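Both complexes below contain chain A, partnered by chain B and then by chain C.
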Partner chain A sequence: MTPLLDIADLSVAIDGADGTVRALEKVALRVDAGEVVGLVGESGGGKSMIARTIVRLLPERSRVTGSVTLDGRDVLGLRDDDLRDHRGGGAALCFQAPRASLNPTRTVGRQVVDRLLAHDQATPEDARQRTVGLFTEVGLRDPDRQFDRFPHELSGGMCQRVMIALALACRPRLFIADEPTTGLDVTLTGEILKLIAAQAVPGERGVLIISHDLAAIARVCDRIAVLESGRMVETGPTVQVLGAPSHPYTRKLIAAVPDIARVREAMASPATANGDPVLSVSNLDVVYRARFGRHGLRAISDVSFNLHAGETLAIVGESGSGKSTLSRAIMGLLRPTAGRIVFEGTDLAHLARRDIRDLRKRMQMVFQDPIDALNPRMSVEQIVSDPLRLVKMPAHERRPRIEAALSEVGLEPKFLGRHRHELSGGQAQRVGIARALVLDPAMVVLDEPTSALDVTIQAQILDLIRQLTRRRDRAYIMVSHDLATVRALCDRVIVIADGRIAEQGETESLFTRPSSPVTEALLAAAPRLSPEALSMKKDAHVP
Partner chain B sequence: MRLVVFVSRRLALLAPVLIGVSIATFVLIRVLPGDPVLLIVPETATAQDIADTRERYGLDRPLVVQYLDYVAGIFRGDFGSSITTNRPIATDLAQRLPLTLELVVLALAIALVLAITGGLYAARHVGRWPDHVTRIGALIGNSLPEFWLGLVFILVLFQGLGIAPPPTGRIGTGFDVVRVTGFISIDAALSGNPAAFLSALHHLMLPVMTLALVITAPMLRSVRASAIETRDGDSFRCAEAHGLADRVLSRAYLVRQTLIRLPTLAAIIFGNLLGGSVLIEFVFSWQGLGQWALRGLLLRDYPVIQAFVLVTATAYVLVFLLADILQAALDPRVKV
Partner chain C sequence: MTALEASRHSRPVRINALLVAGAVILALVALAAVFAPLLSAWPPTRIDHLSFLEPPGPGHLFGTDSNGMDVYSRVLHAARIDLGVAVAAVALAVTVGTLVGLIVGYIGGWADELTMRGLDVVQAFPVFILALTVVAFLGNSIPTLVLAIGLINAPPYARMMRAEVRSLREHIFVEAAECAGNSRTSIMFRHLLPNALTPILVIAPLNCGWAILMLAGLSFVGLGVTVPQAEWGAMISAGAADIVGGRWWTTIFPGTALFITVLGFNLVGEGLQQITGRRR
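Right after this comes the complex of A and B.
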């Protein structure tokens, strides 16, 4: 049988201002109809380049050699009408960052209709009906109403479903999804991946999923292809690649996946309530006020918990559950509607703005996107010394503090003069952590500190955080939707759903004996690479 | 319905803006050095003559009284009279505002067409010669002083080739146009005199062309930049990757997103032109608002300056209101 997609000897070189970049080197890849193939590797490895080659959307200055055949047609030689027909009808690409990839000035329904009409899948008369049908298929609730809505009126998950509907409307032979799970929480990730995998139909359509998140996509893929720096290092059935990886890079990727079965090691003494808590939240309510007396949105209701020095507390929940609102309230960035937030004996709710600012020296935050959180015009030294400047520390005393903070996060003094663009994602996040530590705060809030990073880098940053949390004089709050990380790092867990605490308790007891259905659902959705999980997938997938 | 609410709210905003602007102008021009009374009395005038003149114009009264009197006048449609010419301001405005508006609105309309087509064209051929030609052309138009460009046009197109009429005002001599709207080309059309109408349009040719060329460049650059940004953006790429036809691609996925920012820029340019067309008005003997205002300013003719500032401020508010409505129509993320 000839494969649906056959890529052989594909090399792509891009001429840039600083010479030629060899993006892909002699890549081979095959996707059969009815098959789900996962293409994994770290960012910058050339994964998206393969997708863009298949739909012929490479930068102008690229030189392509080798062959790409889809359904027997030579893709690289297509022109004009044949090319237009191939784009969408042959291979349809689901872009990553769906919201940015939808047209903000056109209703999502019209955008689907545009595709239907482009590929003769509908007459103008029945296009609307067909679109509503597609919306139902991709699991959009209330599909008829969504037709006339604009992308900015939809949630991230809904935009992802619309993006899938757009690709399906072209009725492609090959369905390509580029990083389809970025920015989605665990439960949604599972649903979206299942939806994408379901598009593979024997004899009709193949699916190619591109992702840096091996653990997430392994569940739905028949075969996995591993790409490292533009070279294909390993290809094979999922069970074989994960169970007996032959290439060191594959082993590195697998090792980097945080394992949810791994228990937090060497907990010296489970931090217990000794003395007064650093932070005490009681009966906290946050209501976002609406204009003109309409009912506000109740983002947090009746949340209470304590945090002691030396403790690491996780706040987990799906997106929209109120995690971010809670961490903002704790940092004094949001004024609570009711309840108390007592930090080191002072109630934040009744403090004047400038007094909160004084308190904030004792509480620091590490942000989700390390690159966005750093000022591009400032050197590392300036970034890390900023908090010191704000507390009016004399300039000559700052240098040793900065170097100490950098060494605490594992950066050498040579980084002091560097700027944001000279740092990798991992190094940037280390700088972000150093900035949070330089004032020696009593509490640090880590907001999804690894979710914007590649898996291998994630593992290093988590190691760093693990070391930091061993110090017993500081309290950490980690906001996350990644349960494996939480299990490996945190003493206690608070599970939030709909703004309320669904469950809280010691990490181990919560993981082994969850008492709330919300926790159970989160645990079930968590990606894992264990053999049982994979065999589960196989059973589900065999037609 | 929402649009009606939006427009009425913005129009209600006009009142505080005009009150603020009028007070500020009223006070500022009186603080500035230069006394209009000294400019209009004969050189032989005694101190008593000067005091009498001052009293005649009511300039001896307290500032607050003068201001309230002025505002009360406006409500009766009386903007006072020019100190230097004694003509009622309202008459001057009715005559001159349409002249300038005709010039500016037409120039802006032509510039918009040039900027949109040129900008999209340049963006389509970015980095190749059509792009360079369009951009350099626009840049030249932008960097030449408008009075000089106007003089060159007169020299070449009137004196040289004889295509354009002489730069002697709004319409050829000998036409008897009944004044209805004040916009001469409209009035000529209404009076059913095709020759007068053509002459009116003909006289618009050079000044409008000059002004349009000067203001095209910034808008063209903006259109070109946002067209490139949109075309390289994910939403256009995605539509392209899904094999949409070129016509749908450019109409629905490129042009509309490209034009979102244009109304605001055009409104700013329009506002600048209202007072800034003065050089063109001089070159073409155009009895418009700009010349009138400049003369009022030089002679410290208080009522003229006040009326000019009020008219410009009103126009600004109205034009920005229009721009915001246009922008909301183009971009569903913007709520009116």
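Right after this comes the complex of A and C.
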């Protein structure tokens, strides 16, 4: 049987001002109808370049050699009308960043109608009906109402469903999803991936999923192809690639997946667990005021917990659950509506801004977006020394302090003069952590410190955090949407849903005997690469 | 990504032809202004009683005007006032506008609303009419001219700065700066200002060109610099009557100087815009 998509010997070189970049080197890839193939690798590896070659959306100055055949047609030689047909009914690409890929000035329904009419897939009379049909197919609730809404009125998950509907509008033979789950939380990730995998129909349509997140897509893929720096290093059935990886890069990717089964190593319990807590939050409410007398949004209601010195506490919840609001309130970045936040004996809920500044010597924060958290005009030295302005310190003592903080996070002094555009995501996050540690605070809040990073970098940063939490003199709060990343790190876990604490307890008892359905759902959604998890794969095909 | 950050990403700065041409012109004009007394034999206000409205010739390079003053010397000396007033006025406009925009953009709320509506009112008047009114009230000395032209040009800078700051303050590094213990003042001046300044500095040279034209315009209608002080607009105004009699030199030379200087500022502004814009 001839494959649906056959890529052989594909090389892409792009001429830029800085010379030629060899984006792809002799890549071979095959997708059959009815098959779901996962293409994984780190960012910059050339994954999107393959997708763009298939739909012929390469940058202007690229030189392509090799062959791409879809359904027996030579894709690289297509022109004009044939190319248009190919992009509609041949291969359809579902772009990453769904909200940014939708036109913000047209309703989502109109955008699908546009696509249907442009490819003669519908008449003006039945276009709306067809669109609503597509919306139902991709699992949009209340499709008739969504038709008239604009992209900004939909959630990230709904936008992704609209993008899938757009790609499916012309009944393509090959459906390509480029990083379909970036920005979605764990439970949504599972749903969207199942939906995408369900589009593979034997004899009719094949699916290619591109992702940096091996663990997430492994569950729905029949085969996995691993791309490293433009070269295909391994392809094979999912179970084989994950079970017996032959290439070191594949092994590195697999090792980087946080293992939900990994238990926190035995450690001396925090010394002062019975002393006064570092942080004590009681009956905290945060209501976002709305304009013109409308009801405010209740982001946090009635949250209470304690944090002791040396303890590492996880706050886990889906996006929109209120966990970021909670961490910002703890840091005094937003003022709670009611309740107390007592940090080292001072209630900062009702403190003036000026007085909160004093507390910042003792509490610091690490942010989710490591690059954006650094001032683009400042050098690493300036950034890390910023908190030192809070304490009187002679100039000659600063430099050693900064270098000590950098070495604590594994950065050499040569980074001192660099700016943020000269740093990788992982290095930027290390700088962010160094800034938080430079004053030796009593408490550090880590707000999703790894969710914006590539998997292998994620593993390194988690390792760093693990080392830091091992020193039992500082309390950490780790905010995360992913239970797998916190099990091996945290003493206690708070699960938060709809602004309320759904469950809190010791990490192990919470993982082994969850008492709240929210915890159970989060546990079920956590990606895992164990054989039993992969055997669930087949039922994923049922939509 | 801000333009400035983008500029650091790029290869070594490519020299921009417009920028260089503009800078050379402005440097020549500035040199002429500084060394005016050395470059001309006649003081700008000395009257040659033997020659009134004499055409250009060896004695008076650009001829003399109806008062018997040397046009060449006056054109050179006028550069001092024109350049000085324009640069000082724009510096004032940039300072005031940037400060106002920075503060209200960061604080937001009613202070922001109020300031912006106030600027709306000021900007609703035609710029030149506003300048006329201010000078008519305050009198037309050089400091009041700087003040008038400066304040009238400040609102666009305030708007630009406010817009930049409002988008910048959504960035995480501002929140990070607050966590690092920066005060509001320090967040504004150490973290926001350096990141917001690029577009302002690109517009400022263009604005210098407009400022010179405004000064010349005020002088032309008699509310700016007055004879015997040498200023291009005033010279054109005084010489306007001579054109009818075919005596072109009293207006053409100051007019050309004005044109060349404004061209210089515009080229510099255009060049800066291209450099930062190309890399955006």
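Here is the rule we use: the second predicted complex is superposed on the first by the 530 of 543 C-alpha atoms of A that agree within 3 Å, B and C clash if a C-alpha of one lies under 4 Å from a C-alpha of the other, contacts with A are read in each partner's own complex, and residues count from 1 in each chain.
Please note the rule applied: contacts are C-beta pairs under 8 Å (C-beta built on N, C-alpha and C of every residue); 3 or more make two chains touch, one makes a residue touch a chain.
As the structure is a computational prediction, the values presented were derived from the model and not from experiment.
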Chain B versus chain C as contact partner of A:330, first or second or both or neither: neither
Contacts of A:89 with chain B and chain C, given as first, second, both or neither: first
Touched partner set for A:279, first chain B, second chain C, both or neither: neither
First, second, both or neither for A:432, with chain B first and chain C second: second
Which superposed partner A:421 touches (first chain B, second chain C, both, neither): second
Which superposed partner A:119 touches (first chain B, second chain C, both, neither): first
Contacts of A:108 with chain B and chain C, given as first, second, both or neither: neither
Which of chain B and chain C A:299 touches, first, second, both or neither: neither
Which of chain B and chain C A:369 touches, first, second, both or neither: second
Where chain A meets both chain C and chain B, residue numbers: none
In the complex with chain C, residue positions of chain A that touch it: 17-18, 331, 333, 353-354, 357, 360-361, 364-365, 367-369, 372-377, 386-387, 389-390, 419, 421, 432, 435-436
Complex contacts: residues of chain A adjacent to chain B: 55, 57, 84-89, 92-93, 95, 97, 100-106, 110-111, 114-115, 117-119, 150, 152, 163, 166-167, 169-170
Contacting residues of chain C [partner chain A, same complex]: 1-2, 4-5, 8-9, 11, 171-173, 175-184, 186, 191, 194-195
Residues of chain B defined as touching chain A within the complex: 233-245, 248, 252-253, 256-257, 260, 330-333
